[in-house]
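Per-chain residue numbering starts at 1, and chain names A, B, C, D, E, F and G are given in the order in which the chains are listed.
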Amino acid sequence: MTYEEIHKILKEKFGDSVGELVNNPPSDPYVEVSAEKLFDICLELRDNPELDFDYLMCLSGVDFPENLQVVYHLYSMNKKHKFVLKVTVPKDNPKVPSIERIWRSADWHEREAYDLFGIIFEGHHNLIRIFLPYDWEGHPLRKDYKEPETYHGMRVPY
Amino acid sequence: MGIGLSHYIILSAILFGLGIFAIITRKNAVLVLMGVELVLNSANINFIAFSKFNNLKIDGHIAAIFVIMLAAIEVAVALAIVLNIYQNYKHINVDEIDNLKD
Amino acid sequence: MGLLNRLDNPYETGGIILGTLEDILNWGRSKSDWYLHFGLACCAIEFMSMNASHFDFMRFGIIPRATPRQADFIMITGTVTLKMAERIKVLWEQMAEPKYCISVGSCANSGGPYWQYGYHVLKGVDRIIPVHVYVPGCPPRPEAMEEGMMKLQKMIDQQAIFRKRQRLAEEEKLFELQNKG
Amino acid sequence: MITEIVFWFFAILTIGSACVVVFSRNMIYAVFSLLFTFFGVAGIYVLLNADFLAVTQIMIYIGGILVLLIFGIMITSNITGVDIKSGQTGKIQIFFAGIFSLIVIVGLIFIALTTKWYSAVPSAEVYSTIELIGKSLLTNYLLAFESASVLLLIAIIGAALIARRK
Amino acid sequence: MTTTKFIDIDFSKIESDRMRLNVGPQHPSTHGVLRLEVELDGEVVTNVIPHIGYLHRCFEKIAENMNYQQVIPYVDRMDYISSMNNELPYVMAVEKLLGIKVPEKVEYIRVIMAELNRIANHQIAVATFGLDAGAFTPFLYLFRDREYILWIFEKASGGRLLFNYFWVGGLANDVYPTFKEDVLNIVKQVRKTNKEIEELLIYNKIFIDRTANIGVLPADVAINYGCSGPVLRGSGVKFDLRKDDPYSIYDRFDFDIPVGTGEVGTVGDCWDRNIVRMREMEQSCRIIEQAVAQMPDSGDVQAAIPKKIRPPKGEVYFRAENPKGELGFYIISDGKDKPYRVKGRAPSFVNLSVLPEISKGYLFADLIVILGSIDIVLGEVDR
Amino acid sequence: MEVFNIFDKLLGENILSALVSVILPLIFLIIYALIAILGELKISAWIQERLGPMRTGPYGILQPLAEVVKLIQKEDIVPAGANKLLFNLAPYIIFAGSFAGFAVIPFTAAFVPAEINIGLFYVFAVGAFAVIGIVMGGWASNNKYSLLGAMRSASQMISYEIPGALVILSAAVLANSLDMQKITALQSGPFWNWFLFGGPGDWSKIWILPFTVLLSLIYMVSSLAETNRTPFDIPEGESELVAGYHTEYSGMKFAMFFFAEYSNMFIIASILAVVFLGGWNSPFGSFMSGFWWGIFWFIIKAMFIVFIQIWLRWTLPRVRVDQLMYLGWKVLLPFSLVCFIFISLYRIVY
Amino acid sequence: MGEYLKNVWTWFYTIVVGMKITLRHLFAPKVTIQYPDERYPIPSNARNRLQLDPDACNGCLQCSRICPVQCITVETLKVVPNDPEQPKMGDGTPRKIWVTRYDIDFAKCCFCGLCTTVCPTEAIKHTTDFEYSSYTRDGLIYHFSPMTPEKVEQKKKLLAEWNEKQKAAKEAAAKNVASSENKES
């Protein structure tokens, strides 16, 4: 199935929660969806036998100057088609529903996005830091992040 | 003074007394078992001592072999019971194991 | 005490027994170095290559040990992150004297490629434990690690156990420093 | 002379380590000093010309029973700690137990010293017991031997059944 | 930060006779610096909690501060065992953003190098897997062969382990004249050693008993966890990006996708994951032979690209079949000479997350074997 | 008949000879251990197409010596949480257990440190000390890896004592003795008189020939398990338990463990050599036999078995704990029982 | 039972097969290269220690700019036209820039080879020398510039004087212009 067809199915089912398909090559086409409906949309994407997205390729957080974004790259093993979802959340309240229960691979990816960007995935069973130590402060992949001077008595900058 | 029969008997008597003391005072079931082992060992010393000082009759040795065998059996079964008790009570204090399992 | 004092004197003034003894002890130490099996990152792969048949680290009498208690030296092969640094400190403390440390690769020497923006990388392992030999490279060739090892052996060989050859060792260090510039 | 030294050595080893077994509050010390008790008893056996029994003692008591006991303690205690304390019963109980066992010991010693034992002077000629033991086990004591083996079998099965997890 | 939580384990749930064992980060068998918190009931593993991040080298932050060319050395250091395979998706992602096509010869050299590196990677994987099972000698036989491959890499690119060889738009330099013969010799040597390893290790009954029926990963669980590469194929899923989503020139070669069949145990056990790697080495040999035969002798090794790489505004997700699985790069460009965001979708990172799922109920010794069969590289997990 | 009275022998009139018979094995043990360590390093290296130690003395032959010199100097650490007394005691108990076995090993026809008539049984029994020592050390270290390693080691050694004992029993039935000297003497003559090939006797021994070969294999396997060597080195399996029960040991105490392992290897090897390979007998009948030749043949045979142990170690992967138990209880035990029964039947018939 | 016996046989058989292979390797020729005595011939393009040819370096700073890890520190001074030395580059062209400092910190270098590819004069090159481990951290910082500190000071002074002169000349020229303008007006 092409991006347009998938988008049409989603649009019919969820209406305004699904944004327009943005397609400007060489970038991959993507769709912006609202954070509230994300869980249902993902469930539909996985369980609709026509769509059958059983494989979450990648989940990335992005820090744009005014807001944070989570990007979901989906793939279907059987149908061999791809799809890209984007969720935009404000910086002061970065809350996205967790889709860990739909694709287990989202578990660690969400923890990573939480660790590095501070995006809070609601409903995640174990949202703790994954790379950095548990007592680390700040989310380093945000553009305004300043590295700490010391950590446990060890100097951090060169 | 050469080492005579009485030396061995006294040695085994002391060992016996110590074993009895351990059996009475110890709370832990495994330590009680260890007391029993001491008692059995003291008995064995007697058997063999008597055997030696009786013109090397072999009967004492046979008896000792059976005692050793019995000790092995006893420890195996007793430890199995102890493990079972531990699984039910989470401790093996013999004084506190006083209710029958229903 | 008098005897001890005399024995304590350097070679030249007659402490021959202790001098020879020290030679033997140093020989044993330098020829039989057991390392702590401790790989961190890319350099660890080259380190494995060095253990493999083509380079055969064991030629130098070096045997891997899994526990720090039995190891004589530790090779920090790879990037030390802040999360890891405390563990390395503990490991170092667990090792039995006499102990040595070789820092292998740019990352362990100074943070390497990550020294600038690596917010989670310790910039040089010498900030937490003493380092005896620095081996440069990213990752160093297995031969380079062996060369570093030989440098360490040379250093151990001339170590002063009974304070005999302190002067010699200092001279050696000075020479090394001058040669670098 | 030499026999005496050896006897006293083993007697003191046995009694001393048995005292540790009985009085130590640390279960680990207790169980490991049992090793020396058993070893001492084995030494006594050697003195008594019971070579086969001495080796059997080492093999079964040290190699088998002691290991089982250690496992028992390890499984039934918090095994991660090194010092495992064992509680003893109340002071009065200890007192009475002490009195009782002292009476037993003194009584036994009294009996041992006063009784006129039939004591043949052991002949200087000593010989191996292993052949005799083997022969008598399969002749005079055959019934006991066989029933013992049946008992062992039952004990193995029973122990396995009891200890098995439900 | 208000939301920073500490270790999440609910200690009240743990029974008193369970033992908690801390494996790593300084443990001989964790393939780097992984820490596993293992809950043992006797010898049986009841729960595993991986703690990663001991090699978190801030790749994504650094990539935002480098220009597109300078990122390549850092990409090398992600999965340091198969650097060529790492560079491939990155440079192809940037080329896709730029919209350029590289010369024919470059494609062939890239494929040959990537497949050689795949062999080298699988050699390490099988070797360390054998080491986890306690076999030391096959480890050294495989490392001996890997050394010959590294010699080719060094002659071609100058680096033994980290190459910086694939550049955006081409290669750093052309290969040396006797390249083809060397590669064909390697293929011969690899086949010979693999046969020996199969006899010595893979079909050894002790090894089979150690690995068969252990750590069974069913296909649907594997897909749901996002596993890829030999871990997924070991579960019997015939999924290989070189065939299913062809990139570069992989559609020109004839090769098979080996999958786990449960030859000695259940489909998806450790032995299957391992045998997939063994068989993949053979397939890589086939690809290399075909590529060497088809490769043009002369030609450019660098496409015409501007000196300063400034891709247009946009974003791209490009994935390729790394030896360990699907390696994807998600690059957002804002039109400047430095990428706005680079996210590496590391296969090991995803594959490792399946470990708690497949190691419950096995013995502690099996846990080590299961971890070895997943074949992770911590540089990639932690990035 | 010789009498087991080691004390009379030790402290009798001839103290000097007694001392010699104690010290000689110790010296031999030290020299042997150095050679075996070097052999292990070199053979493992050659199997792996490497060279092994090359830079300590010519071809690295001084390597073990350097290691000893180094281990003497190492700091002797007692971990913070450890039980000091037991921690320090354990290596000596293990070493004593393995060295005690040397008391009865017949090096040659005329020399055996302490000749006793139940030698085989004795060697087997003193092995029990090693179990206790390992458990002691593992526990006292206050380290979970050590403890797990010690528990595994103890259960493994106890399980494999049974098939081993059955093999010894079969040998005793065949030889009608437990005296190692006597067993060796029985196998005098050319090599087909060895118990490996059915022992001395007429052609009827062809019936038990497969069983004796099988028995020697069973003993080889169970002895590997008892000495904790690959494929049964689970207690110290590097990939699981860092170094098993001696994880926390350093310096000289670790060297004791090391020594004990190698001396155990030799004891096992010499039992095999005595029981199945004719001990100090020359393989060619009376040709090349005598006091010194006896020592030569005995050591050659024992060293060959040590070599096989090393060879196996560098060939095989490690088995798992439950497989080890399976192998011990469900494979070796039935097989050795069958062999025992057949050999007993043979003895009854012939 | 059959299964059981077969299993036991496979155990035995595969072990024997393995032992056969290892025995064969025991007598096979060894592949070890005994490093300090024998060496593997390192290919000429291998990337090991960097070496600067100070004669060829024209101080363009490209290497320090391309370096991903910023391990190259270069400081330059302009050559003044009235310098009494009038230095020449390696190929004979007159030098325009003094390289007063050229330090490479090999404790940071990642040996990616980017600096060698951007160098216009091939002054910086990878050598095949890898044996330069050091007892101290500072021993890994290499100073390639041949100029002594005194000489640098001298050149700095020269440049400052020249700059002064230039400035003065410029001012004078400006004044001249201004005065001439003044004159004209």
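Operating definition for what follows: contacts are C-beta pairs under 8 Å (C-beta built on N, C-alpha and C of every residue); 3 or more make two chains touch, one makes a residue touch a chain.
These numbers come from a predicted model, not from an experiment.
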Hey, how far apart are chain B and chain C in touch steps, shortest way? 3
Hopping only between chains that touch, the fewest steps from chain C to chain D number 2
How big is the gap, in whole Å, between where the Cα atoms of chain E centre and where those of chain F centre? 44
Taking each chain's centre as the mean of its CA atoms, how far is chain B from chain G in angstrom? 80
Centre distance in Å when chain A and chain F are each reduced to the mean of their C-alpha atoms: 62
Which chain C residues reach two or more other chains? 37, 53-54, 56, 59, 66, 83, 110-111, 113, 115-116, 119-120, 138, 141
Which chain E residues sit where two or more other chains touch them? 16, 19, 28, 53, 56, 58, 61, 73-74, 137, 140-141, 144, 160, 162, 200-201, 204, 206
Got the chain B residues that touch at least 2 other chains? none
Considering only the defined contacts, which chain A positions touch chain E in the complex? 24, 26-28, 54-58, 60, 62-63, 71, 73, 77, 80, 84, 103-105, 107-109, 112, 116, 118, 120, 126-141
Name, in rising order, each residue of chain E that touches chain F in their complex. 19, 21, 27-29, 43, 130-137, 140-141, 144, 200-201, 204, 206-207, 209-210, 363-366, 368
Name, in rising order, each residue of chain C that touches chain A in their complex. 82-83, 85-86, 110-111, 115-116, 119-120, 122-123, 127-128
Interfacial residue positions of chain D with respect to chain F in the complex: 2-3, 5-6, 28-29, 32, 35, 46-47, 49, 51-52, 55-56, 58-59, 62-64, 66-67, 70-71, 74, 79-83, 126-128, 130
In their shared complex, at which residues does chain C touch chain G? 53-56, 59, 106, 109-113, 115-116, 124, 126, 131-138, 140-141, 143-144, 146-148, 150-151, 155, 173, 176-177, 180-181
